[in-house]
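Read from first to last, the chains carry the letters A, B, C, D and E; within each, the first residue is number 1.
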Amino acid sequence: MNAIVTKESLPEPRPASERELLLRVDNVSLSFGGVKAITDISFDIRKGEVRAIIGPNGAGKTSMLNVINGFYHPQEGTITWRGEVRRKMRPYEAASQGIARTFQNVALFKGMTTLDNIMSGRSLKMSRNFFWQLLWRGPAEREEIEHRRKVEEIIDFLEIQAIRKTPVGRLPYGLQKRVELGRALAMEPELLLLDEPMAGMNLEEKEDMSRFILDVNSEFGTTIALIEHDMGVVMDLSDRVVVLDYGKKIADGTPEEVQANQAVIDAYLGVSH
Amino acid sequence: MTGASRSDPRSASPEMALEQAKPMSTLELDRTGDKTSITEAQDTILTVNNIEVIYDHVILVLKGVSLTVPRGGIVALLGANGAGKTTTLKAVSNLLGAERGEVTKGKIVFEGEEVQALSPNDLVRRGCIQVMEGRHCFGHLSIEENLLTGAYTRKDGAAAIKSDLEMVYTYFPRLRERRNSQAGYTSGGEQQMCAIGRALMSRPKMILLDEPSMGLAPQLVEEIFEIVKQLNDNEGVSFLLAEQNTNVALRYATYGYILEAGRIVLDGDAKALRDNEDVKEFYLGVGGEGRRSFRNVKHYKRRKRWLS
Amino acid sequence: QDTNYVPLLTYRTGPFAGSGIHIANGMNDYLQMLNERDGGIGGVPIAIEECETSYNAQKGVECYEATKGKGALVYNPYSTGITLQLIPKASVDKIPVLSMGYGLSAAAVGDVFPWVFNVPVTYWDGASVVINYIADQEGGLDSLSGKKIGYIFLDAGYGREPIPLLEQLAEKHGFELLQYPVPANQMQNQSSQWLNVRRDRPDYMIMWGWGAMNPTAIKEAVKIRYPMDKFIGVWWSAGEDDAAAGGQDAAGYKALNFSGVGMDFPALQDIKTLVVDAGKTQTDPASIGTTLYNRGVLNSVIIAEGIRTAQELTGKKVITGEDMRVGLEALNLTQERLAEIGLAGFAHPMKVTCEDHAGSHPVFIQEWDGERFVKVTDWIEPMTDVVRPLLEAAAADYAEKNAPWPERTEACAQ
Amino acid sequence: MLYDIFVDPFVQMYQMPDFFLQVLWEGFVAGILYALIALGFVLIFKASGVFNFAQGIMVVFAGLTLVGLHENGVPAYLALILTIGVMAVLAYGIERIVMRPLVNQPDIILLMATIGLTYFLIGFGELIFGGEPKRMITEELGLPTGSTAFEFGERGLVILQHIDIAAAVIAILMVGALAVFFNKTRIGRALRAVADDHQAALSVGISLNQIWAIVWFAAGLVALATGIMWGARSDVSFALEIIAFKALPVLILGGFTSIPGAIIGGLIIGFGEKIAELYWGGLVGGGIESWFAYIIALIFLLFRPQGLFGEKIIERV
Amino acid sequence: MFYREAGQFKTSYEADQALFPIRQDKIGLGIILLVAFVVIPLTANDFFLASVMIPFLVFSLAAIGLNVLTGFCGQLSLGTGAFMGVGAYAAYKLTTIFPDVNVIFLVLVSGFFSAAIGAIFGLPSLRIKGLYLAVTTLAAQFFLEWCFIRIGWLYNYNASGAIEIPTREMFGVIISGAEATPLARYFVVLTITVLIAFLIANVLRGRIGRSWMMIRDMDIAAELMGIRPLQTKLMAFAVSSYVCGVAGAMMVFFWLNAAEPSSYSITLSFQILFMVILGGLGSVGGAFMGAAFIWILPIVLRAIPNMLDVDIGAETVEHLAFMVVGALIIFFLIVEPHGFARLWQIAKQKLRVWPFPY
């Protein structure tokens, strides 16, 4: 994991539009009482791409992620996941189908250590039943250790060895975000939803985080949907960007196209970057 | 608040903050120790003198931090995650008690009086309010009620409060739209605006801003800092801000401190810091040929080890 | 110095303290008076130790364990729950349990329960006396037919115990038994039960209550305007505080009793002068002579007489629990003896035999006149013919369910 | 069987309307009295997010202080005033010694602290006043006693106790006053803020110390009123503390944070359990009152997890 | 000085994930077990065994049970007393139905009944949370208590309405009923408690324990990570009730000898809850410390006036004990809200840096 791999050393990825479709959102609308959080939005996410979702505050980005992983149920529209139209589903079903995410307001398990938090990401992959767990010695322990190995890889990868046994509640914000990423990675997801992973980080840390994201994307082939307010990050990392404003989609395209789009500049960027 | 009272060279006037283009000839790298001489001076609103903070009786987080905020100044506190920025701000606003932390050494002087022993609400009454990191809105209260709690300590009547409410809504039109929603259901950015607006409602002399830009859309970040500057210019409000977005922070601040692992490792005029090579490299991300791409970050560790 | 050690399990705190305090004072004061006046019993002072149980079974057992090693002669648990826990232990630890007028009715069968004493009467005896009394009022047992008799009780082992007997009598004499259970956590909130009473209009009400349940019930009865003279409580619902809650309106309320009313007894006078006035106890002087206080005194009389009998039978001055058992089993509190100890007429003469540890002695009924209780009947005999077979069946049942229940090996001293 | 469950109770209601009215009245009174206890809980919960387990014992303590003072020769009204003073001191002490050091701690820790407080007050109260029940000084305080009976049809009779009427009036006045206080004043808003987030409330300058002292005092006053009313019904004794459990379903039904909720919850539980006990309880041997209220609350909660008027539980990521 | 981990390197994940990874802790546990199994039986008198150690162990086990539910899974329960009662009544019925089966086995089986009842009352936890959930468990408490009184079959229609424990033996030693010696009962209780504590600790450090903690710390996030909330919570209810049920059965079989419904009242629920909170939510060791504090402290307090030979009434002692316990609860919460378990950790941390203050 520590090998020096940069994006340039990999073959140039195929254009996003040619890749296989992973998830499609069709005409989704969601409202809470009177508030329309999402209005008739359609877009798709293709395998292996980094898809950014941007937009002003309250545009409905987080709500969009919530719809994708089953936490909110849209009033209208459908979601197609790997070619199958999904009905109303519970979040844990989404998780078992390979959708993992991080949260805007860190949602770590505060009473647990970093290690346990990341191990918790592997819950779905572990299967020893209650009675083996009671005994511990034998299968349960073996399974635990096997997964511990995987988790230690992630810990190495994210360079958080030093805080392995620290309860996460006491960690500074930036590290919490990193642990959260680790937890999502531990799920070995097909689609990783990141909600403002770099908020509250300084440049150095953002660079680290970018590297993690790129590495995950290229090494594990994980598809990533990313919400971020730092335009530098979005423009550099993403293959395609969808822009929301007041719950509506106002643009969708490559970073360059989006950046040049006047509607986007007016609604979001303020000045062109 | 007149220009004359700000004779100290460190407390740059707002005009100076605007003259960003002009290069600064000397780089000031004061060490914290030398500054005790000015702590009692009239035109500093806040002095933190060599404080040590311990959490849970055993975890030592701040190991002797000193800083001053001139009256009418905007001072930025920079540093990596876990450096202790939030802790410093909470030490000033006396919110540490609620986290089982305590200031074990040093003193904190606000407007010429030691304030370590005061309760947070005394401090707010005296005009020093904190915007906490991570929003901390009152989830069950509507946005408007949240804003009104900010005016809890005020005694100047409903009309004044009402007009300030209007002011906040003009700053953040988005809040006006969502004024009757429960804050718990609003988006992250909306909550951030609400937290900042709430602090403004107390008409403070000094605001401790912890990561104001976090989770805000780019143009809003600019707007927030514009608001900071406006308040600073028009009302003479002083600011101590902990901020990760060094770029913006140093553009608006007059003075900056860099905090690493519980110690101040570098401080100086904002302009001087901006020109410092290390700061450029590690905080601003401008190498010799302009902005680096996030795609091209190198994989080996490049952490600055500060000599302190 | 040699002493005879008597632990007293009392409760002056908790939800039943209202009743418990008077009992505790009475028990303590009489024994203390013996120490002051006579230097104890047979020249040996009594070492009295109170242990607070709060009417709580856990603490009761703790008190038992804490005191039994000190040579305890007898236990008075004053709680059915604690009694039940001590019954099997008594024969193992060789310390008798004296549950005076409470506990397990079946314990009266001395062949099965050689270590347990519930003299002078059992609950079943008590219930039969009430029915007897009602029959008297109505003109004979035959006229009970078609009557409705309500039974309001603390919904716990204590309150449920008389039900089998009452049911049997109801069947036999053709009256209808209506039950009104009061859950322990609803003791102070009985309006539903009394509304039910109001709807059912029973001809008589019988109450098996304790602690805070009693005053609340009497108040509620007043509230629904139930005719108070048709409302009869067991001897544990006979406290002055209980009736006083209803004040003047409660006049006519009746309760069973087997211990003297008032303080016109030389022994009580001695207590007053030697113990209470001397400041050696915390008893409120006004409470001497009240029902529950006197009940406590009677309890100690039985203890003291048990010790005395044991001393006589064994020739020892300092006795053990085993001796005490023998003493209690040979207890014969005659009219003369009562007079001798300054309590003539304080209780019905009582006699324990090896077969019968309760004795099914008669009890009387007292009536609240608005200010105090006055004795209104003579001693009424329980229906021994009905009760005794029931007791024996219950004892056999107990022994069977707790098999292997030890056979009686203790010799009969009589 | 089916007849007993579905038909007979209603036939009875129809045939004995006076009795049905009486049941309703008893339900009403019980509801009001439950609501009084619940009100004390609500106050403190609203102001600090603390579930104040000690409310039950505060009721007993207030009642005992009042009666105890009177027993020692203090005139009734003076005793009342002194008791109010004692409650104020208690409130201040609790704020100073218990609440202040525990600011910003998880709810369950604060709950536990109030249980510790309960223990302390039980021991303290019994030490001072002794464990025996005391008679409430109803008449001395000028509260009405006695009852009025309304003839109803042939043999019918509905009896209203004057003290119950007084309890209802006092409860309603108190709820009104508190509702106004909480909803119309700046303190009210601050209280809700504190309940949401102690630290943030501190950061905007709300003085938790002051607020908590005020609220605990208010809860003490409610406890006093409750103590007088319940004491008039039964006696003032430590057994009353158990009754406080009845406030829990009321509280939960109404929603922890709502003052009107306490009243409405109380009435629903009061009516519900009386009607159930009197018309259906007999089918299972009676005494179902000990748990019926909880079942009502449970059923309501399944449909509204935050209670009838409670603030919605915010779930968002 | 004495508490130094330095130099203890863990070379495998097995070693790192052991229950007690640090050598000193292992030695400490060894000593405790030695004292419990050898020293105490050799030295203690009957009172200490019967009234201090046995209840302490029974309560510890119950506290572990509640800790699973409240401390680890975050579901506040006030129904512990009733769940313990289910275990007790089930064990009692089992001994009447199968009089020849080993009573220890029956006690262990009785837990399954309370597990089932616990799971049923856990069902509403899917929708109802926090303090609101407490009311469902209260419903369980009061409803079950009512059943214990009303369903005569449960107590074999005993006139006393109570259950009374028959005498049973194992390997020729009487272990239940009045004739069982405190020592025999102590060994039974100790063995069961240690065994279950150990098994539960195993569950808690594995996948299932983690999924409980996930639900406790943030149920929404847990669900988004693939945890099925209902299943997980019900499992916690069942496991917790099982342990409580066994504790309840032990309470009557090896300690009280007879039990009325009121032995399993709400007071008991609270007693156990105190132990859990004071010991430290989410800590098995804390359960023992909490139980020791709540059960043993009052006994000590009651004994003090006797030792000092001060003459004050039994009830005054009781009142003072109440006040002291209450004050100490508050005091310890203020010193360390996370209970004795955390206090112990901090103490260890201080030992580690000793003689420096931090």
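Criterion: a residue touches a chain if its C-beta (ideal position, glycine included) is under 8 Å from a C-beta of that chain, and two chains touch if they have at least 3 such contacts.
Since the model is a prediction, treat every value here as computed from it, not as a measurement.
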item: Subunit E and subunit B - chains in contact with each; value: A, D
item: Reference subunit B; chain at largest CA-centroid distance; value: C
item: Rounded Å distance, subunit C centre to subunit D centre (Cα mean); value: 36
item: Separation of subunit D from subunit E, taking each centre as the mean of its C-alpha atoms, in whole Å; value: 32
item: Chain centre separation in whole Å, for subunit D relative to subunit A (CA means); value: 49
item: Residue numbers of subunit A (touch at least two other chains); value: 62, 71, 103-105, 107
item: For subunit B, residues contacting two or more additional chains; value: 59, 185
item: Where subunit E touches two or more other chains, by residue; value: 142, 146, 149, 220-221, 224, 266, 315, 318-319, 322
item: Pairs of chains satisfying the touch condition; value: A-B, A-D, A-E, B-D, B-E, C-D, C-E, D-E
item: Partner subunit B, residues of subunit D touching it in the complex; value: 103-104, 186, 189-190, 192-193, 195-209, 257, 311-312, 314, 316
item: Residues of subunit A touching subunit B in the complex; value: 2-8, 32, 35, 55-59, 61-63, 104-106, 170-175, 196, 199-208, 210-211, 214, 229-233, 236-237, 268-271, 273
item: Subunit B-touching residues of subunit E, taken from the complex the two chains share; value: 346, 349-350, 353, 358
item: Subunit E residues touching subunit C - in the complex, by the definition given at the top; value: 45-47, 50-51, 55, 96, 99, 142, 146, 149, 156, 158-162, 164-167, 177-179, 255-263, 265-267, 299, 302, 313-315, 317-319, 322
item: Complex interface listing, subunit A residues touching subunit D; value: 62, 66, 71, 103-105, 107
